[in-house]
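Chains here go by letter, A, B, C, D and E, matching the order in which they are written, and residues are numbered from 1 within each.
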Amino acid sequence: AGTTLGAPMIWAQNIKDITLRQFGTGVSNLNDVADKVKEDLGFTLEMTALDTDSVTQRAATQPNSFDIADIEYFICKKVWAAGNLQAMDTSKIKNYDKIVGIFRNGLLTPGSTIAQGTAPHTVGFTSGPDGTDFVQEESGWMTLIPTIYNADTLGIRPDLIGRPITNWSELLNPEFKGKASILDISSIGIMDMAMVVESMGEYKYPDKGNMTREEIDMTLGIFTEAKKNGQFRSFWKSFDESVNLMASGEVVIQSMWSPAITAVKSRGIECVYQPLEEGYRSWGGGIGLSKSLTGLERDAAYEYINWYLDGWVGGYLMRQGYYSAVPETSKNFMSENEWGYWFEGKAATDVITSPTGDALAQAGDVRDGGSFDDRMGSVACWNSVMDENQYMVRKWNEFIAA
Amino acid sequence: MSGIIQDLELVSVTKRYGTALAVNAVSHRFRPASYTCLLGPSGCGKSSTLRMIAGHESVTEGSILLAHRDISNLPPAKRGTAMMFQSYALFPHLSVLDNVAFSLKMKGVDAKERRAKAAEMLELVDLTALADRLPAQLSGGQQQRVALARALITRPQVLLLDEPLSALDPFLRVRMRTELRNLQKELGISFIHVTHGQDEALALADEIVVMNDAVIEQAGPAREVFNAPKTRFVAQFMGGHNVIALPQGHFAIRSDAVGVTPAGSGQMEGHVTAIEYQGTYVSVMSRIAGDQEVTALVPDAAYFDAPHHPGDRIGLTWDAKNLHQLTA
Amino acid sequence: MSGIIQDLELVSVTKRYGTALAVNAVSHRFRPASYTCLLGPSGCGKSSTLRMIAGHESVTEGSILLAHRDISNLPPAKRGTAMMFQSYALFPHLSVLDNVAFSLKMKGVDAKERRAKAAEMLELVDLTALADRLPAQLSGGQQQRVALARALITRPQVLLLDEPLSALDPFLRVRMRTELRNLQKELGISFIHVTHGQDEALALADEIVVMNDAVIEQAGPAREVFNAPKTRFVAQFMGGHNVIALPQGHFAIRSDAVGVTPAGSGQMEGHVTAIEYQGTYVSVMSRIAGDQEVTALVPDAAYFDAPHHPGDRIGLTWDAKNLHQLTA
Amino acid sequence: MQARPNLTGWLMVSPLAIVLAVFLVLPIILIGVVSFWTATEFSIIPAFSWENYDFLFGSPVTYSVFLNTFKYAIITWALTFSIGFTIAYYLAFHIRTQTWQIALFLLCTIPFWTSNIIRMISWIPFLGRNGIANSALISWGVVDEPLDWLLFSDFAVILAFVHLYTLFMVVPIFNTMMRIDKSLIEAARDAGASGRQILWNVILPLTKSGIMIGTIFVVTLVMGDFITVRFMSGSQSANVGRLISNDIALLQYPSASATAIVLLATVLITIAILLRFVDIRKEL
Amino acid sequence: MEPRPKSFYVLTAFFALFMLFLYGPTITIGILSFQGEGGGLTFPMRGVSTYWFRDLFQQQAVGDIWGSFSRSIVLGLMVMVTTVTVSVMGGLAFRTRFKGSGILFYLIITALVIPSILISLGVGLLFSQTGLTVHWATSGFGAQLTWTLPFGLLIMFAVFNRFDKSYEEAARDLGASPWQTLRHVVLPIIAPALIGVALFGFTLSYDEFARTLLTAGSYNTLPLEIYGMTTNVTSPVLYALGTLTTLFSLAIIGVFLTIALIGNRRRARAGSDAGKGVL
């Protein structure tokens, strides 16, 4: 294994009996990871993959049902106050200093501006080991250890659209009536909507990451209208639903996640993760520890986190189009061609394959949206939990039901 | 229907269920305006015959003629027959009146008229007071009369009854059979009544048709069938007869024609096997030579003057003219 | 159980279902080792009485004594009674042998012994060949005999039978009643048999207990009940009787004691209402003054010498000594 | 007789009573209580408030969703009843041997024992824009453009409902039909009734109880559904069940509870009305 | 044979169409589960293979099909045994018309008609409010019982409605204690119905989705897993799973039917004359 463990012998012997229960979305709760953990660290990691809402629900209401929560930052904002998770000591995180700035001070590069919405660093730190608040500086106590993140945009079927798409507003273009889709996860969907509304020129939000009730009503009003006019073919809740919609041609333009595009492409179907003028809607995920985790298990969990940031998982995820929290360790687990294609935005020099071996790109292809800096530098907003979240959620439900 | 009474005829009628023969080439002419009983043991084909006449069972071979018209392939309601079912088959969801009016409703007769006609029918069977009840609220005898009224309202030329009395208790059974008989007389149409009770058949029938094993074993006026059974089967089935094997052949003799005398003084010797008191009579069962059972029906007074007990030896006497030779 | 025969006594036994009175303070002593029939119309309380004796229904008031011991509150199996159910209640999942051996199994008798005993019992009812069959594979008569064997293996002092013959066809019914009667004689225990057929009761019973409306109307030897009914109800229910209202009171006269003469020459005048042929007899029903029905049972030969038809006027004669005064 | 029938009865029924008390009664009470609480995204605040009901009854969406729920229930009922009755009638009155009746009846019931979700998704390759149905229609020249409304539509929802639940009509109706004395049919025929008249005047009234039981099943299953509507409408339509499940998904338990209470009341009232037409205990 | 009316042929055609409707989709996915290795969720077939079935037995990218399958079996058996036992006891109890039976009966009807999601919600709330952990074997088990018990009980009511009391009276007459009556008479006679209740108990649990949704806790049962797969899996492996679960359900019915048939046959054989030389 590529890790150096400064662990006492007794640890090494007991660890085989340890089982950690992790849950999260299908994005990162991959059995390959559990297998690799068993191989590298010796203990058992049980993976449960759920949809985003179920993940939130379990993190908030069933603290005893897991040891490790693999959740998104906006979920953290909802559930941290419930006290089900424990703060993590950054001094125990070997690669803490190599974690990209986005998760520490919010800045990709020292000069970057911070996008609207629930940016990860705003909910990434708490005041101390028992803190239930969020603090806006690197306090040494993290709520989540970042794992993966990405800049999301619209996915399109260029073969079925046949013209360039450059704006978020195209989602509501009547040209795509009955062939558009949006995801039915309120905290994410409302941000896509906001991007569309601004792109349409209907409204400019002072802070779309924290809308007022009127703004929420207006935003959802526009989309409800579109829904009633038959703009949408379907809504989706997990990326694979979006894959099926796109691959089957039921939908030609929709909010989409990066691996979904990868999946569509791996079937030999043309699909583009279309960079848009208004920028990306971004998200980040991380690992949190259950409050009830102590002793040997907690030690194992820290081992696991350190291993996670050590590069193997990063490489694995990067090969699906996500970004790793510590890109430089991932580089060790990727070929030069892969690193160039996925991270640096260079043209592929050889076939690019998915972790399961399907060809995703041929030599000469360039990743949609270019390099890491280009993409993460154009983030317009983060998935959000607003002050009026409660109201938004109810209105969202009305929108779905309307 | 016309007032002229029509006769019903079966011409070599056969019924097969799959390969099983239920009715085997039966021919019979039913006399018009008479009461006929189809009598026979269970499974002999009585119901099948009746149901073919009614049109509820197809005829495998042969024809059924009513007034010389072949009705074998007509639907039940077009035949001029009506059927009264064994357990009456009253519609449980309809009142007595609506049950009786059912066939008129099917014909499209309007509500007022059909109710009036049904009420008339109920009058006939003396049920006017119960017109609004549901079948479940009636006693067995009342149900039977509703079923009758419902069948008769179609003005059939032939009324078919499948064991109409079997659901009644013995007391009621005797009363209702008198009513049936009177009704038939009154209406002047043919009744064909299936039963396996010979007393019922004797009491009711102008003509008895005894069936056995898918064929008609004997048919004729009740008295003739009882007094002059042609076969061993008929003699035994009709009851009240002894069948005795003598050197000259098999003979039937009515039990009441057998006398009991002290041992040694009869035509034959036997010993008593059982005594059954029957009110007016006492039946003395005895075993004679050749392991044959002979029953003597002795008037009660006579018996109790000189009672016998199982095991006693007795003599049996009869008048030779009462011996009746059987053909099979 | 002991070989000494014990008598059964009902002391003012009452059964109420809610407020409905099914059996009203009935007292009766059943004679030991005799065949008793409980006879009466439907709903008169026969089954309730029998089931109280068996222990399947609690006694509301009064007691039931067997050999002077109050058994009213004992469980069924401890009473020294055994019951044969109307539809036999043979256990459908057990073979004939296992049905018969059931009570021994419950007692913990080991398999070999109980099978041997059950086989003996089957021998008694002549069913050895069918020991391995299931009840569903038996005819009605065979089932009845299994039920008998199963009840008798408990060596009861009293065997209770609720309409044991009603599920059989008339032919079989007559045969099985002879078997029942013989069995009772052979075993020498008491049989109490519920029926609503008076012919069955007459044929079987040493003693007949006629019930009506929750009470015993008359009890006595079969011949006494038939020949000397005490009440109008008994006279009518037993059949074979006319009840005539004369200035001196109500009288019963047996139908076979009434003669038919030409009009004008009898003790009374009437007109024929119906004729029922009964084989040995013809029953001539007539209406006399006061709208009373009188039935004369005329030997068939005599009748057909001078037949009558409905509507004919006839004379009716009887011997005054046959008139029998009724008490109610 | 039995010394204390009440005591024995209670003892034997206690496991049942306990299960129902813990997993039916308590939960319903709790839902009732929680419907008057409020919530944040991560916790429930146990303080009495009408807020949930205010919001529920204050939103026009609620009414349209309830209406939609009834619409699904009624259309599905009408279809399952017509199909179920016809199938049951065919099996009970047109199939002559009992062996065949049982065989065909079993054939009808087999899908009932398999996974509802699998049965639901089985429709997707059928109905999609490039699915079997559309390909066939296009290749036969019936349509030029694929029909969009085959999938992700009310049509698809109702199709799936009918597919899943027709059996619930067939079974009880078939059972009651089989109990109709065949001689009643003969008696009707004897009285001159045509096939149609027999159907209308005899069979239909005598099958009422089976129809009611089937109706109770279908109506409650459709009214309580949330998954079929989501799957088959592509999340585009909603019924009350979805309203609740969306709320639950977003941790709005009090709001979900309020909707649930209203749904429960609606269902129970509907059932109470249906039960007036049939004595279930007698029909078993 | 008797001639058929015209309506017979029309209805036969209708029945055939209904069968097509009922089985068509299942057969379609049955066919699609043999999709070639490169094929997708819809037609056309790209070759024929058992690839997706083999794939099913390999570890999937996410989830744990076989773990959830074995949980579903265990849970199904738990529910089955409990349903049979509790239904029989309940059925027997209801014959005594104890006080409160009316209310309980209406509760059973309520359990039958209450939307499943309410049970899920309510049981979930109950456990969270009392600080208990939801688990498929506790809360999930209880929630499923609210669905299987009404079915089991309704079957038992139907059975006991038709059960001839004189069997029990006869047994008591023959000296059987109440327990012996139950053991040697009642249970054997109602055994075929109990097989039916068991079949219901098992398959209803095995297929139950809604009531388990919020009550299963950390580990998925098979329907939850399948549901998860419909949102996480984009290959015909889903159809392979669908085909296999359908076959498994059929196998379960087969097993129960066989048990019933063997029981019948054994009895019939015990009672037949075959080879005994009787008569």
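In the analysis below, contacts are C-beta pairs under 8 Å (C-beta built on N, C-alpha and C of every residue); 3 or more make two chains touch, one makes a residue touch a chain.
Heads up on the chains, UniProt names are B, C = Putative spermidine/putrescine transport system ATP-binding protein; D, E = Putative spermidine/putrescine transport system permease protein.
Since the model is a prediction, treat every value here as computed from it, not as a measurement.
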| item | value |
| --- | --- |
| Least step count from chain A to chain C, where 1 means the two chains touch | 2 |
| Inter-copy rotation, chain B to chain C, in degrees (Cα atoms; steps of 5) | 180 |
| Leader among chain pairs (count of C-beta contacts) | D-E |
| Chain whose Cα centroid lies at the greatest distance from that of chain C | A |
| Cα-centroid distance, chain D relative to chain E, in whole angstrom | 18 |
| Centre distance in Å when chain A and chain B are each reduced to the mean of their C-alpha atoms | 91 |
| Separation of chain B from chain C, taking each centre as the mean of its C-alpha atoms, in whole Å | 25 |
| CA centroid of chain B to CA centroid of chain D, Å | 53 |
| Sites on chain E at which at least two other chains make contact | 2, 41-42, 230 |
| Two or more partner chains touched - positions in chain C | none |
| Per-residue overlap in chain D, given as positions that touch at least 2 other chains | 128, 130, 248 |
| Chain D - residues contacting chain B, complex | 181, 183-184, 186-194, 197, 201-202, 205-206 |
| Residue ranges of chain C in contact with chain E within the complex | 54-56, 75-77, 82-83, 85-87, 89, 91-95, 102-103, 105-107, 129-130, 132-134, 136-137, 150-151, 154 |
| Contact footprint of chain C on chain B as seen in their complex | 41-42, 169-171, 174, 178, 181-182, 185, 196-199, 202-204, 222-223, 226-227, 237-240, 254-256, 274, 276-280, 285, 297, 300, 304, 310 |
| Touching residues (chain side chain A, partner chain E) in the complex | 21, 23, 26, 29-32, 35, 47-51, 61-62, 64-66, 237-238, 240-241, 243-244, 247-248, 263, 267, 356 |
| Touch list for chain E against partner chain A, complex | 40-42, 59-64, 124, 128, 133-134, 217-220, 228, 230-234 |
